[in-house]
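The structure under discussion is supplied below as structure tokens; questions concerning it will follow.
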Amino acid sequence: MKLLRQTLLLLRKDLLLELRRHESLMTMFFFGALLLFVFNFSFELTPARVSELAPGLLWLAFLFTGTLGLTQLFEGERGNHCLDALLMSPIDRGALFLAKTCFNIVLMGLVELVVMPLFWILFSLPSWQPLPALFLIVFLGNVGFCVLGTILAAVTLKARARELLLPLVLFPLMVPVILATIRCMEALLRFGELGEALPWLRLLIGFDVIFLTVGILIFDWVVDV
Amino acid sequence: MPQVTGKKRKGILGAATLVFIIAGLYWGLIKAPPDAYQGDSQRIMYLHIPSILIAYLSFFLVFVGSCLYLWKREKRDDNLAHAAAEIGVLFTALTIIEGSIWGRPTWGVWWTWDARLTLTAILLLIFIGYLMLRALVEDESRAASSAAILGIIGFLDIPLIHMSVYWWRTLHQPPSILRPDKVPWENIHPELLTALAINFVAFVLLYFYMLSHRLRLGEMHEEIKARRMR
Amino acid sequence: MSMWGYVILAYGIVWGAILLYAVALKRRYRAAEHELERLSDVKES
Amino acid sequence: MRITVHQLAKAYGYFWALRDLEIQVGGGERVALLGPNGAGKTTLLNLLAGLIYPTRGEIRLDGVPLTRQSNAQRAAIGLLSPGEHLYDDLTARENLEFFTALYDRQRGPISIANAIEETLEAVGLGRWAGEYAGALSSSMKCRLSVAKWKLLSPKLLLLDEPYGVLDGGGVDLLESFLKAQSEQGSVVIIASHHVARVLDLCTRAIILEQGKLIFDETRREPWDSFARAFGAFTPGGNR
């Protein structure tokens, strides 16, 4: 599939650039870890309450680190009008969208790989057993966040105060992902399995699929004046 | 839309709106008897339900305007989206105010995370984001296409937001009979229904009346920009 | 506050806000018309 | 390569940047696009490059209209801005590898690596292949751009004000590259204010003013029509 080949090509370039400059990854990682400490100071986290609050706190941290990543998403293209270079090339604009979305998902995934265990350690949660399943749910939440986030990052690229505008425009639209991810994580933490949170999972997957297709179709209009 | 008939048609629309508003006020406040359950505070419903529908209607118009603009790139469609959003924000905000005032005597609190109030609040946030985006992008045609994308994405997201908020609500708040969407419509007193119907028509007419003026204003702004350009 | 107090409050705010918006719209309308005349005079002269 | 521009128009809001353009350009022609600032030169180049889409009318490359879906067609189009469209954090070689892969110029992996080395040698950047593009001097960056487009070899070459940043050596390199490409049937369109230099290179001149085409002559007649064209457009000169 040509779309896939082009997406992987662009993704490889973005990852290589990130490896060279590693601006986004470092800032996102430290910001995530920093938020954990801030949570510790701002909430009275007795072990009993922490497992109840964990989903909300974790997801709040990932939401903000993700937004940080989104605002840096097109920085690599800023120098030498490289965005025009990509738009001029024979690639499908949907591939550009997919590559940028996957890039931010990879960044957020790496941050979560470190921050979640750190959360378990810092707040001494009882069992490590639900962690892999939790990570899968958070990954699905990432996909939803990055899909919509990439579209809106491109839309607000040329706006003034775009770092402020992006979260303002993005967060209200993220309500389904936020609610669904937190409900699923709560069910996993409390009962060890999804159970009655299954409809939330379907909603989350539905959200990801819908806006992935919408993104691929609409991205051509996003980057064109 | 030729100027002359436009003015005449707006005149008729304006007159009809006024008639229905007065009828709505009279019917809602005086003629209709107080509701069996909630007493007189139910009269706020005559405003609340029409404005919610207007809020959704304006979001739909923003969606239509955005799609047409992306497809044909005509200023007219962009103008429609912008006008619908501006008036939509007003009615959405009023819906929230009405909802919380209605909630005060019934639940004893100014704000409850009731599904419908939360939903309207999210709608308001999306509208505000839409208008902020338009304001913060300087380049004229880029602002129009960016707003169009957000208009489409926002509209597609509404059903998902709707589902998630309602599921979230059924989880926490025990269903109370007094919740607006639980009102038993069948044995409602006919007078109340007529009051609601009249007010509904009044609001729709008012909405399109204001919209037509706002569209005209949009056209004039375009005209001014065109004149300055030449 | 009695029931009627809330009803009056709600109606007052709603119709007040709509009136305010109508007035603002009217003012913007007149300003635009004025601007249009000014620009059209400039073109003729 | 044959370009036909049919009733092309582009508007930004109420401002008509281009109005009903009618141009035919055949392979091997080198067109100088002249006109005061804001005449629509850049808009026309961006439309030809597929970066933006026309409000009315259409552009046909070899008879096939350029539309939103025509991604593959853009492979044959190159908007050369010397020193631009390069990633500063990638080395010269990586830049070329990335863009050749992007334009699907992978004629078998071995030969593409050799082609990259040869082209870098040809533009005199052999020793700097491993350097970051950002670290190169501006004239070296322009050589890298020429190397890039030599590898991509587009059928339609568009240049927007190339002489501004080029040094002496760079200009000769660029002009010989353009001559070579147009001999192989490519179309070259250069928008510039350096009228003397660009007219000397090109076989045809087009002048735009406020989005309209006011002059379109090929070099068949000897110097007089060019002299008039040259006279017609001296910045601030009146017709």
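Remarks
Going in written order, the chains are labelled A, B, C and D, and every chain counts its residues from 1.
Criterion: a residue touches a chain if its C-beta (ideal position, glycine included) is under 8 Å from a C-beta of that chain, and two chains touch if they have at least 3 such contacts.
Given the structure is predicted, the values throughout are model-derived calculations rather than measurements.
More contacting C-beta pairs link the chains of A-B than the other of the two pairs A-D and A-B. Among the chains present, the centre nearest to the common Cα mean is that of A.
One inter-chain figure worth recording: chain A and chain D are separated by 39 Å, centre to centre, where each centre is the mean of the chain's CA atoms. Averaged Cα coordinates give chain A a centre that lies 43 Å from the centre of chain C.
If each chain is reduced to the centroid of its CA atoms, chain A and chain B end up 32 Å from each other. Per-chain Cα centroids separate chain C from chain D by 52 Å. For chain A, the set of residues that touch two or more other chains comprises 224-225.
In chain B, the residues that touch at least two other chains are 141. Residue positions of chain D touching 2 or more other chains: 12. Chain pairs that touch one another: A-B, A-D, B-C, B-D. By the touch criterion given at the top, residues 12-15, 55 of chain D touch chain B in their complex.
Those residues of chain D whose C-beta lies close enough to touch chain A in the complex are 12, 49-53, 68, 71-75, 77-79, 81, 83-90, 94, 98-99, 101-104, 134. Looking at the complex, you find that chain B touches chain C at residues 25, 29, 34, 39-41, 43-44, 47, 51, 87, 90, 93-94, 97-98, 101-102, 104-105, 206, 210, 213-214, 216-217, 220-221, 223-224, 227-228, 230.
Only residues 1, 3-4, 6-7, 9-11, 13-14, 17-18, 21-22, 25, 28-29, 32-33, 35-36, 39-40, 43 of chain C touch chain B when the two sit together in their complex. Within the complex formed with chain B, the residues of chain A that make contact are 148, 151-152, 155-156, 158-162, 165, 168-169, 171-173, 175-176, 179-180, 183, 199-200, 203, 206-207, 210-211, 214, 218, 221-222, 224-225.
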